[in-house]
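Next come two complexes built around subunit A: one with subunit B, the other with subunit C.
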Partner chain A sequence: MRQFHSLLLFLSLFTLSVATSDYHEQLLLTPLHPSLLLASFNFQSNTTVNSFEQQNFRNFPRSLGQILQHANTRELHLRFSLGRWDAESWGARPWGGAREGGTGVELWAWVEAETDEEADGRWLTLTNALSGLFCASLNFIDSTRTTRPVMSFQPSGDHKNSSWDNLHLLHGTLPREVVCTENLTPFLKLLPCKGKAGISSLLDGHKLFDASWQSMSIDVRPVCSAGSNDCQLQITQTIDMVLDIQRSKRPRDNPIPRPVPNEELRCDASKPYHSEDTCFPLDTAAQEEGWTLSQIFGHPLKGACPLATDGIDPVCINVPHARQVFASEGSHEHLDPNGFMRCFQLDPEKELEMILPQQEITEKAPLEQPLLYAERSFIGYGQERGGVQAILTNPSPTKAVDFVYMESLPWFMKLYLHTLKAKINGLDTHKDVIQEMYYRPALDRKRGTQLEVRILIPANSTVVLTYDFEKAILRYTEYPPDANRGFDVAPAVITIGNVSIRTTSLLLPLPTPDFSMPYNVIILTSTVMALSFGFVFNLLVRRFVAVDEADQWDVRAVRLKIAALIKAKLKRFRNAEKAEKRE
Partner chain B sequence: MSIDRRKATLFGAAAAVRILLFTSFPGLPELLTARVEISTPVTSFKRLQEGLFLYNHNVSPYDGGVYHQAPLLLPLFSLLPSSATYPAFTYLLYILVDLLSAIALINIAESGEAVSSKLFTSPRKGKRWSSFAIAAAFLFNPFTIATCIGRPTSVFTTCAILHAISKAVQGNSFTAMFALSFAAYLSMYPILLFPPLALLCYDRRKPLKNPELMYSFVIGNAVAVGGSLYSLLHMSSLITGSWEFLSSTYGVQLLLPDLTPNVGLWWYFFIEMFDSFRNFFLGVFWIHLSSYVAGLTIRLRRQPLFVLTLLLGIFAIFKPYPSISDTSLFLAMLPLYRHVFPLMRYTFLASSTILYATLLGPAFYYLWIYAGSGNANFFYAITLVWSLGLSLLTSDALFAVLRDELEVERPEMKGKEIRQI
Partner chain C sequence: MSASSQALVASEPGPDIYDENTKQNEDAPANAVSAAPKRKEPPPESSESIRQRGYVILSFWAIILIIGLPIWWKTTAIYRARLPLDQMMDWADGRACRPVFPLRISIEVDSLQDHEAQHLLRTTQHALDDLNDFSAHHLRLELSPSNASTAATGLSTGGVENEELALVIRLLPGITTKADLQSYAPILDIYYTPNQIPSSSSSSSSLGNYIANTLRGMFAEEQAMIAYLLSTSSAPPERSPKALAPEVAESLAKWTTRSMKYSRTYHLTFSLFTPTATPSSWDIEAALEEHMKPLLESFSSISNFTIDTQVQLYATPGVSGDILKKEDLSGFINAAEWPLSPSIGGAPTINFIVYVGDMEVEGGGKSWLIPQWGGVVIQSDISDLRPAMLIFSNQLISLLGAPESGSLPLRLMTLVRVRSAGLLLKASGTMGSLARLTLALPSISIPRSVAEGVYTTIEHLRKACDGLGGQEGLENARIAEEAAEKAFFEKSMVGQVYFPDEHKLAVYMPLLGPVGVPLVMTVLKEARAWRKRRRGGR
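Now for the complex of A and B:
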């Protein structure tokens, strides 16, 4: 993958020199072990800042440009990702991880605003507008999912010093979002050739979202040539995916994998137990899988995009020169003399088909070793509390690695920072490892936890970072419909200079109440309270009397007494009347 | 002298039991700290550690959702060596607080206020337990011991309340009011104890030549409580640098944003409550809790100490974040009324209900949270039983005391069956 970087360097030099050329695109194919193919699509267009401000868009997508102007956004990074990059067998990430996001959707932007409140308002505008543009739930990036990273993210564009003080970095993630075809369609619409011609014609939702790992990215940044005021706005769109070649080769009408017939099995006959009915599969590392472009992507490439006029070869493949590659007529092959790269120039009118036959070859394109291996998982059991463990390994035998580890956790995961421990190679030597820390605790229902730790790992060492947390129990209306699935926790972001690495997202199960019985709970609790209230106030307001006295004070007795009294009065009254008559 | 030696033996034994539990089971403090029956969001020792860590690293602990305890605890615990490296100092502090509470309880018991107050003397006054026995019942109560090992900060509130009462029975009203303010400062709900406590001070004050009127006495004490509360709060704002701790400590008790399960009735009710009615029911629950104060204070004017005892029992059931520490305080005060125990009607039922809930509560919690074979209703049901058992006990004690009062008014009623009208 070193060739890859040299290619990038070459490309960036090229863009600087040919600033007038507005658009270029390139596809790089890299076979990975075992029988996988990394396809990196890169689309880049420029516009001058002046024409952007005058709403004169050419290759820059108008829909996105107007949103950026409306939300005063100076730099934007949007990511849609799925799957896990297997660094152990696939090596370093494409683009050094710079064009990649955590599982789900990730968005970060530099917004120009006078105050924090104004920045929050513009961020809200931005997320809502992008939500509509990309058919994603970006409008759910609310204050609990937004952080303002301090150490982790640096702007990649050139910003004027005057406006720098008013730029606010905001970062939001949606780890639960399922990236799908509905996000690819608006993505393709932003491209000048709209997926009709050029390398973007290979992009197909069926294949892209069937990949073992995929990442779509959009970056908008201002680029200024040194020493002049002449600035350009650059939009870079990339799609990287790791496709399983065997899986892609299955016929679409009959996709169920079937066991290889007995006679086609390639067995290692040197094993002592090898026999008619026992087979140890032969090591196929030297065996290169055969594939064609239309097998992998469903159809061949539909000619070059006529707008890409900078003369860069649009399709490259990173294989040893000994590997046979047959391209269809009309294309010109260029071999890179000092490496494993070969590129193809296309005929705009003709389709490109590329065939790599099955081949026995021991030479491999070398894999670049990543700077750091990172994995993160939950520890502990039960739905009350747990822990997080991040295993960070520096594979380099000579160089120490210095990086920032950033976590943005949901508020219902109550982090205990005093339990944060770093063990290096199994020993507690915490102070040398953790160099600097930024911590912003969560507030219930208002914001999430933000933790940034600067860590230094010496050569050839492993650091295990652990901390405890408590799982909050939520109000029953705050659970999603599938409450027992758990809640997704955004990946940790590791920044090593320009290289970034993301861990996988985590699934956090929370304790759940019984959703079926709000009425029952209200009634039962109220009953207990009423009973207790009744016990106490019944004793307080009523008087005690002896049981035998109680009859006198009975209501009936009182009624009888009153009746007797009235009778007596009436009698006396009648007697008085009689006496009067007698007189 | 022999009494003092007995007391020393008692305190020594109580301290020894706790030290033994702390040292011979090193996992026990952590285990009990994590129990929801002992640690609540407003008293948990683990949250105190977190607050302390943030405070020592210049992050405001109140700008977060974890620490909801009083600010003065932070400098107090920062003075102690870290509990992670030298846990012994923390253990000793908590043992000391328990012993101080026991001393206050002994003072209350020795005053004899429970059997014979200024306005009322029980006909059964010979039948009381000695102060030694009452202190032993407090110190060896499994709830008290579990609380001490679990180290919630509610033990400081318990100690402050007991000292407020003990100073009140000694007629030392200003100190009593200060202790009450401190308790209220730590956990807010003890402020509701002010009316009976002021009456207790009034009854027990030293005879003066010109006795003050009750109203001016109560108003004077209210001013004392207000003044000391204000100075405590002001001190806290100086320590933390702002007033934001108010919403994070008292606001949490009033509005219940943290719904961590506990032995009380509030958490599940407000998990299941419809959003539009949440504020209404928060108001209802608080009014319900404070409604007992006026009723009991007026009806039992002659025995303010019993009003305090009963209110502590009611708070242990109905306050927002109750724990067994509150129950242990109520059970510490209840033996003062040993002389009315024969008049109680449901002692067996109430005590077996409480025992049943004590044993099944942890089991049901385990089934819900860890085993996954039960759901939240299991633990909720057991908290209902627990609350019912405790309310049976409090109301039965109230019945016994009222019956006792009746026999003073009408001595011929002794031993006869009675009815309420």
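Now for the complex of A and C:
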């Protein structure tokens, strides 16, 4: 997996140096254990800043370019993510986490503006326009969900020094947003080859959103070559997904899992209880799952995108060289001599099908160790207070890791900063761990809490960060539909150098009222008022007499009266009828 | 009914019990024995306690009427800003403004004597007035003040006086009578033969008639447009001219559906769509620079334009086949897949599409215009963009609503006048709708911003009406129209409309029921008792 990382590094260097090539795309497939496949799609196109400003768009999408110009946005990062990356068994994240966002939607951008208010206005324009473009609720990123990170994010583009002072970094998250097909369609529309040719033809909403984990990203940044004055605007779109091979192989028209037929079960016959009706499954760790491209993605790859003319092989797979990979006619295999990588050059006219048969193989492509393991969860109980605990582990046996932990909490989660504690390996050595802190308290209904903590974890240690909070009680109209589900709390962002990883999002249960409450309150208070009023009023206006002097309320008398009345009416009615008949 | 356990029972003061008992005896069957024992009458009430009870009831009611009612009124009142409804209706009905377009036409006559020129002017004006049956559109002739100098400077002065003059007529001696409209300046050259110079005695002249007819022909389209606008608005019928010919009315109806809503800025998007991966680039910058920019500059006094271009590969149209039927054209634009999203600024987008392909519209032709949206050109070879750009220029002019005939400067000036008239009428119509809406829905709130918008609109309408026909009139009409639309579509106005009466009932009933019923009943009883006492007293 070192090679994998170095390839990514090489690719990013390559794209920096060969900025003249307008478009390139690449798919990298990495089998993960057990029977999972990581597919990383990368699309990159450039346009000169000059033609961008004149609004002549070729490979750069016009719809996005227009929004960026209208909102004076100089650098943009947009993420749509779903699921959880299992770092323990899948290793380091693709792109080192640089192309990944927290669960839901995450957006951060450098907006050029003279003042903070102007920046807020442009941010609002940006979120609203992107919301329309990507069919996502980005317009719900309001002031309570927007933060201005101080230590966490660094711009990845080359910005002119003159404009640097006027750039405002704004960051917003929507942890509740469910990413789905309607977000993929506009994403594909931004690509020059759409989903019609090249590796993007493999992208299909049914498969993508069936993945165990997936992340879509869009990054726009200016890239200037050193020394010269011509700058380029670069858009990078990536999609990473972890697919379950067995799940993907299920037929599409009949996706319900069914038990394996008896004769196909692979049992360990050496067990004493092995018989016709008992089976101990055979250890299949050394067994590589067999799969084909069209099984995983639903159809084969429809030829190379003709715009990608820079000679980079569009499809790569990261497996040991001993693993058999058969590719269809028209493609050329290139083996990386000192690694696990092999790449395929495609014919633009012919479809690519790739077949990896089932194979017993002991050699495995090594997993790269992540820089940090992070998990976060709620502690405490009750409706009033709670706590958050983040467990951060540095797996490296030799190197300390220095990072910034950023929380942006909703305003109704009121943080008690004095309860913030960091334990290292179970001991309270608060001083060394927390190096620096930036805290911006919440304002009710106006902005959320922003907490950035610079933490240094020594080699092979675990830091447990805990803090307590109080749950606010919301107003009646502030509860979302389905309030009993809970409120999503955005993932914490951990920035290590220029790589960032995220914890999972949290679901915070808040005290939720019964929503028929207003009418109940009206009726209850009215009843109380009417009772007391009636009591006082009757006491004042009624006359009190002895029982035998009081009015008799005789039910029988009333009944007789009504009966007599009805009788009289009936009689009159009959008489009238008789009169009519006579006539 | 046994009440032996209770010592006291509240009794209703008043109703005559004896009466009821006798009635009951009458209604009961004859053989029934009345079980009710003869009751004791309560001792007569002192007038002191009766008066006291009256005061109690009165004070309860006083509190309700003096404190409760005003508080309720105040807290549930809907804010309704005062609107100048009469003025608004005046504008809507066309009483406030008589749209008149006085067109000044200057005549340069260098070759004639002054009195001859004066006479020619008079006769021509006469002939014009006889021809014209539409008072709103009036052509007024005048002699060019410095006959000699303007002829020498010619074009340049024509440009300066554009603001004021609709047209300059230059009378030049020639061999035959003919009119020649210059293509890039609002100047009409009329050549006349020497025998056409009117004698001072005759009341009409052939030259005068010729000029009048020529002018009438030139401005006929504009007149028809304005007449059509007036006839479709709610202006009083005597203002609009005689009914337009059906075919003219039909073409004008098409013209209104085709042209875009007026805006100060338009956004133009030029897109290249190709069904395959080639061609992936086009030389659009140069083509725009050469064929589009000059046209857009000449429009600059009316509207500004921003431009962007894009290339889209692998684009399949909404319809297939080599021959496109007329009814297929509307489905050609594949709205679901082609990224033609409107621009995000306030400016409306006009789309121009070059589609690479060999298709042809049924009956020939490879381009068409989509009303209020843009134009499409199908072209298989995009190395030369000139034909496409020329088609787009024409489509742009007609999408902007300019008339079809005349030279470009005249068409632009006509466009200004027609647009101002259209905006003026639209804003006035909106004022009328707003006034009727306020009267029809008494439960909607009218925030102050609406009233402000109405006053802004009326102020600018007034200014626009005074300066109708010029740039300023157009600008004022535009501001008025914008303010009127904003006032009409104010969001907070409709909030109360969707609050159903059932909800009010549910809120009021729990309190007003139990409190109100005893209050009302006591008053009724007390009144009955009082009447009985009075009758008994007599």
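As a convention for this text, the second predicted complex is superposed on the first by the 495 of 583 C-alpha atoms of A that agree within 3 Å, B and C clash if a C-alpha of one lies under 4 Å from a C-alpha of the other, contacts with A are read in each partner's own complex, and residues count from 1 in each chain.
What we mean here is this: contacts are C-beta pairs under 8 Å (C-beta built on N, C-alpha and C of every residue); 3 or more make two chains touch, one makes a residue touch a chain.
Note that the coordinates shown come from a computational prediction; the quantities given were computed from them, not determined experimentally.
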| item | value |
| --- | --- |
| Touched partner set for A:Ser270, first subunit B, second subunit C, both or neither | neither |
| Which of subunit B and subunit C A:Ile473 touches, first, second, both or neither | first |
| First (subunit B), second (subunit C), both or neither touched by A:Lys194 | second |
| Which of subunit B and subunit C A:Asn254 touches, first, second, both or neither | neither |
| First (subunit B), second (subunit C), both or neither touched by A:Ser162 | neither |
| Partner chain in contact with A:Pro513 - subunit B first, subunit C second, else both or neither | first |
| Which superposed partner A:Ala546 touches (first subunit B, second subunit C, both, neither) | both |
| Contacts of A:Ile523 with subunit B and subunit C, given as first, second, both or neither | second |
| First, second, both or neither for A:Gln383, with subunit B first and subunit C second | first |
| Intersection of the subunit A residues that touch subunit B with those that touch subunit C | 522, 529, 531, 533, 537-538, 540-547, 550, 553 |
| Touching residues (chain side subunit C, partner subunit A) in the complex | 1, 3-4, 6-13, 15, 17, 20, 23-24, 27-28, 36, 39-42, 45, 49, 53, 56-57, 60, 269, 277-278, 280-281, 284-285, 306-311, 313-314, 337, 339, 341, 343-345, 506-507, 510-511, 513-515, 518-519, 522 |
| Sites on subunit B touched by subunit A in the complex | 34, 36, 46, 49-50, 52-54, 57, 59, 61, 63-66, 84, 257-261, 265, 267-275, 288, 291-292, 295-296, 299, 314, 317-318, 368-370, 372, 375-377, 380, 384, 387-388, 391-392, 394-395, 398-399, 402-403, 406, 413, 416-421 |
| Subunit A residues within the subunit C interface of the complex | 54-59, 61-63, 65-67, 70, 125, 129, 132-133, 189, 192-194, 196-197, 305-307, 348, 519, 522-523, 526-527, 529-531, 533-534, 537-538, 540-555, 557, 560-561, 564 |
| Subunit A - residues contacting subunit B, complex | 381-385, 411, 414-418, 439-445, 470, 472-477, 511-514, 517-518, 521-522, 524-525, 528-529, 531-533, 535-547, 550, 553 |
